[in-house]
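Going in written order, the chains are labelled A, B, C and D, and every chain counts its residues from 1.
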Amino acid sequence: MAKLTIDGKEIEVPDGTRLFDACREARGGRDLPHFCYHPDLSIAGVCRLCQVEIEGMPKLTIACNTIVRDGMVVHTTSKRVNQAVTQVLEMHLINHPVDCPICDQAGECGLQDQYMDYGLYESEVEKTDKVLKKKAKVIGPHVILDQERCVLCARCTRFCEEVTGTGELGIYNRGDRAEIDVAPGVELDNNYSLNTVDICPVGALTSRDFRFQKRVWLLKSTSSVCNGCATGCNVRVDHEGGRIYRLKPRRNDEVNGPWMCDKGRMTYKDVHREDRLDRVLVRREGELQPISWAEGRQELLGAVKPGGVGYVLADPGRSLEELVLIQRLATELVGEEPMAGGVSDDGHDEGDDLLLSADRRPNRKALAWLDFAEKPAEALAGELSGASGVLLVFGGDPLAHQALADAASRMRVVYLGTHRTATAEAADVVVPLSMWAEKDALWVNKQGRIQRGQRAVLPPGDAREDWRVLVDLLQSIGHDPEVAGLPALRRLVAARLELEDENLLNRLPEGGYAPPRLADAPTGGR
Amino acid sequence: MSYKGLPDVVTTRRRNLLESAYFTEIARGLAVTGRHLIRNLFNTDKMPTVQYPDQKRDYGPRFRGRHRLTQREDGSPRCVACMMCSTVCPADCIEIIAGEHPDPTIEKYSKEFNIDLLRCVYCGLCEEACPCDAIRMDTGIYEIAAETREAFVVNKDFLLNNDKDGTL
Amino acid sequence: MLAIVLEATAKIGFMFALIMGLVPVLIWAERKGSAFIQDRTGPNRAGVLGIRLAGLIHPIADVIKLLAKEDVVPAMRHKFLYALAPMLVMIVAMSTYAVIPFGDYIMIGGEKIELIVADLEVGMLFVLAIASLGTYGVALGGWASNSKYTFLGSLRATASMISYEITMGLAIMGLFLIFGTFRLTDIVAGQGDLIWGWLPKWGIIVQPLGFLLFIASVYAETNRTPFDMSERDSEIVAGYHTEYSSLKFALFFMAEYAHMVVAAALIAVLFFGGYQIPWLPRPVLEANAGAMLTGGLIAGGIVLGIIAWAFFRRARREKGWYNDAREREPGFLGSVCVVLALVNLGALGLQPWAISELGASLYATFAQIGAFVIKVAFFSWLFIWVRWTVPSFRYDQVMRLGWQIMLPAGLVNLLVTALWVFAVHQP
Amino acid sequence: MEAFLFYFCGAVMLLGAIGVVIARSAVMGACSLILSFLGSAGLFAALSAPFLAVLQVLVYAGAIMVLFLFVIMMLEGPVMETETSRPKLWTTLMALVPAVIILAAVAIWLPAGRLPGFTSSVPEDFGQPMPVAAKLLGDYVFAFEIISVVMLVAMVGALALARSKRNQPWT
């Protein structure tokens, strides 16, 4: 342990701590001004903003590249430091364009923040004297580059070197001609390219997808969990006026660190896709006709009755609570056998060894915990051909498999889903469900970690919280689970998973919780 | 603390018998109102009332009237869709949809720029917030009329080509 | 029989015309008067071919509007009472006039016709009885609308009417003692006398306290400011007639002004000598009819001429203000005044100074009717004047004033008057 | 004329009386009672007693019933015709039987030939202010004053009863 004094405050930190982190601790969580320092990247020390005054040293030192020493006396806000930071900042700003009104970074820009803290001087550089560089250069499928705005902190190049190992970006030229760019013929097209946008402290790298869509200060953030694959990256849903504009990673060192893949970032588009179901549809004269919720509910309750239902099919894309309720409903309706947790052939794609998992369903682990077996399409087709009555499908798109569609063609299909899939087209009653960003739900990632996603936006049209629909169904067949709200529901789930504390799921820690008892349960699917 | 030498506690005088009998006081009140009546009866022209549609008051150059969008020298709108005005607007009456301009030197521009004149409170904060001097309220138009609520939502074309007429 | 019917019809017609003619004028006076009192211009827009008569066209426009408007009724009303209430109010307002003498008598074909619809022996009591029924229109209307505002309004109206009816009765009781009758014609006739040869024996002279109590309680009975708590806009929207619209509302609205007219007539009749012109009793009028008529015609002509001149001056000044038909108005009105002045002066050619005896009698009658109308108009205006001068009382202040001050004062007044009458008339 | 007035006012009175009994809402009942009072006032007027007629309207219809209505409206509030149960047969009978008996008694004991086309035989000064005053303040002054005192006592008592329930100080 090292004892040191920062700004007159004595703190004790472990040996080997960076002075930058020690300063943050001493300053009550407030970072030193910085551009290049990033805890998950190597130290570059190029921005020279985090300079501090250490007593006994003749010159100012950058805190990010200094390891604490016992007895250090550090000043971070002395006049000398402030003057130095201001001058360095002025250097950074010499060629920086006054683009803030049209810059997407405005509002979450390091340069703006630093300027408000240390700048506020009258610029001595004429606008016409600034070195002009390339603006709005498309360098990849997701990223657009503005070289003028770059402060050459080299975060992005380090990211491409150290995290993805692809090394597309580099710094070319020298002096005030130096600029970030890709080599000729190279594109920044790895699956993690948008992370460079996240870590870029200024508006040099911006997202093509989010470009000009919304000013960031208008966005509201909700923490949630990415549903793109079984990894379950922690995300921040940025939304406004009932519309999601982007997903950003939320740091969780147990799961995704500070990163997130580009594929996962684009999953929000499914929420606002054109073919979202928002009304109850009923097949009349061969066509799916929209009807009111009240009528649709009667239709649904009328179809789902013990004896009337021949088979129940769930999907690992549903939340943990829903799977628990679906399983319970299926047991009451059809007994133990004629049900499946999903089609085990679905939801697999290529993964990589960083974050993207080959298993593209967010909740397959939960199926395994619940002994809610998935079955291959052929086996299911065989079982379905033996069943009769109503085929109840919760989510997914099982009837995209021709064999299953053929087998189900004799049955009355009741589909509760989110999009107009092949299953919806084949169904007789279609009930809209809400998607992950539209509900408060629990997800079990491939590590067996239960994570909570909160509701960011409202579901479209008549769609509503899915567990309420399921509870309604259970009540209508006379098996009231007696859950009036989310806390009771979470207690029900905890009881089903035989967790030690029934309220554990109501007090889930920020980073989620992996129940040790269930850690060794086999992963579902292949 | 006393304000400008005024006493903190205002003491009220008890009414004397004549005053609390009301009738003399009412008569005095009648005299006051009657004086106004007679004076105005014989000086109808000196009344401060402005006969509005026939006469109009002159407003100062800083009067905030209906908005307009200014243009660059080449006639293109100055607005760069930075949303400062819509952010600062207390009535939330400005809706801007930004887009990529075909001209690379302009980069960002407002594809749509709608102002709901019914919601606008004419506070002028949008003028102050605008970094490009793109929105101004110097048209001096304050008579704004339309047949439907929808017509009060004016678009970019309207705001750029502001004629001096209140009808929408 | 036919003569009786004709006579009654004519009298009723006159009274009806007087009231219904005064109502729009009062509405106009209320608006224009309040505007001038508050340094505003008031209504001046509605006009027919540019003739606006300083806003007098507005009541006509209002009537057309109210007639043409949709009658919006609350769904949960008491259907029968809701429809009955405005009628009741109007009936009460109109029937009080039956016992008010508007003139002395008129000689037609040797017949002496009393100028009163029904000369009841208990005339004043009849007025009180009918006025007390007026409460029902207000109370039931407010209750039947099934709205909290109207209900509060009707409760307040009922309370104030109960409270002030007693004071009103007590206030005029002294008058009855002095004149020894309930009959309004006798009271008016009695006020033609002079005390000590120079002071008119008007009600206000012999009963000053009674007059103050009466005028205050009459204001309360008619729900006018400062006693307008049953329709106070700032507290209970419009009080008992909040839920009324169209013609039903018009009935309430007109009844308020009709009430005002009857109250003004009562004040005139009871305390200001009714049709009596002070110091000019009927014989004097008849004897000097010729001279007075001639003087009146000449004076009228001169006054009309001055008014015409004022109009023409205004027409010159207003030129180019509006650029439409309104600019022709002062000129037109000036021309009308000129014509009237010429008619006045031309009537001198009929030798009014040599008027016949019958003509003198008729002249006296019409002069007295004119005096009555002028008095009624003045006290109607006083209602308006007071409304725009005095702020309203609070509900509890109204109740306290009624029960704790005015009622005892009325009792004392009655006692003193009774003692005085006893002392004077006891042999 | 006289007979017409009598029958008309009688009909109005009866109509009002029936209304009082059968009205669903108390307010309508009170209104019917007022109608009945107006009918009786008309009867007085037909008997050349305008003073009594006016007093009838002034005191009963104008003052007392306004108070009644005031209280009813306060208690009932602004509510509309509430559903009430239909009267049972035996309650109807209990009302009808005495009514029929009384009617029959009147019909039997009423001297035949008196009613239609009757002639008035009231004294000339019936119901005039003077004789009424003479009776009230002369012959029966003691009873009149005693009744006033009794009513005053009743009023104070009612006030006291109403107050004591709320446990509020006198104001």
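Keep in mind that, in the parts below, contacts are C-beta pairs under 8 Å (C-beta built on N, C-alpha and C of every residue); 3 or more make two chains touch, one makes a residue touch a chain.
In this text, all values refer to a predicted model and were calculated from it rather than measured experimentally.
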Please find which chain has its CA centre nearest to the centre of all protein CA atoms in view. B
Using mean CA coordinates as chain centres, what's the gap between chain A and chain C in Å? 81
CA centroids of chain B and chain C: separation to the nearest Å works out as 45
Between chain A and chain D, tell me the centre distance in angstrom, where each centre is the average of that chain's C-alpha atoms. 84
Two-or-more-chain contact residues of chain D, please, as numbers and ranges. none
Under the stated touch criterion, can you name all the chain pairs that qualify? A-B, B-C, C-D
Using the touch definition from the top, list the residues of chain D that touch chain C in their complex. 25, 27-28, 31, 34, 50-51, 54-55, 57-58, 61-63, 66-67, 69-70, 73-74, 77-81, 128-129
Within the complex, which stretch of chain C touches chain D? 76-78, 80-81, 120-122, 125-126, 128-133, 135-136, 139-140, 143, 145-148, 150-151, 154-155, 158-159, 161-162, 165, 182
Mind listing the chain B positions that touch chain A in their complex? 80-84, 87, 98-100, 104, 107-108, 131-132
Any idea which chain B residues touch chain C in the complex? 23, 26, 29-30, 32-34, 36-37, 40-41, 44-45, 47-49, 51, 54
Per the touch rule, the chain A residues reaching chain B in their complex are 100-102, 106, 135-136, 211-213, 215, 217-218
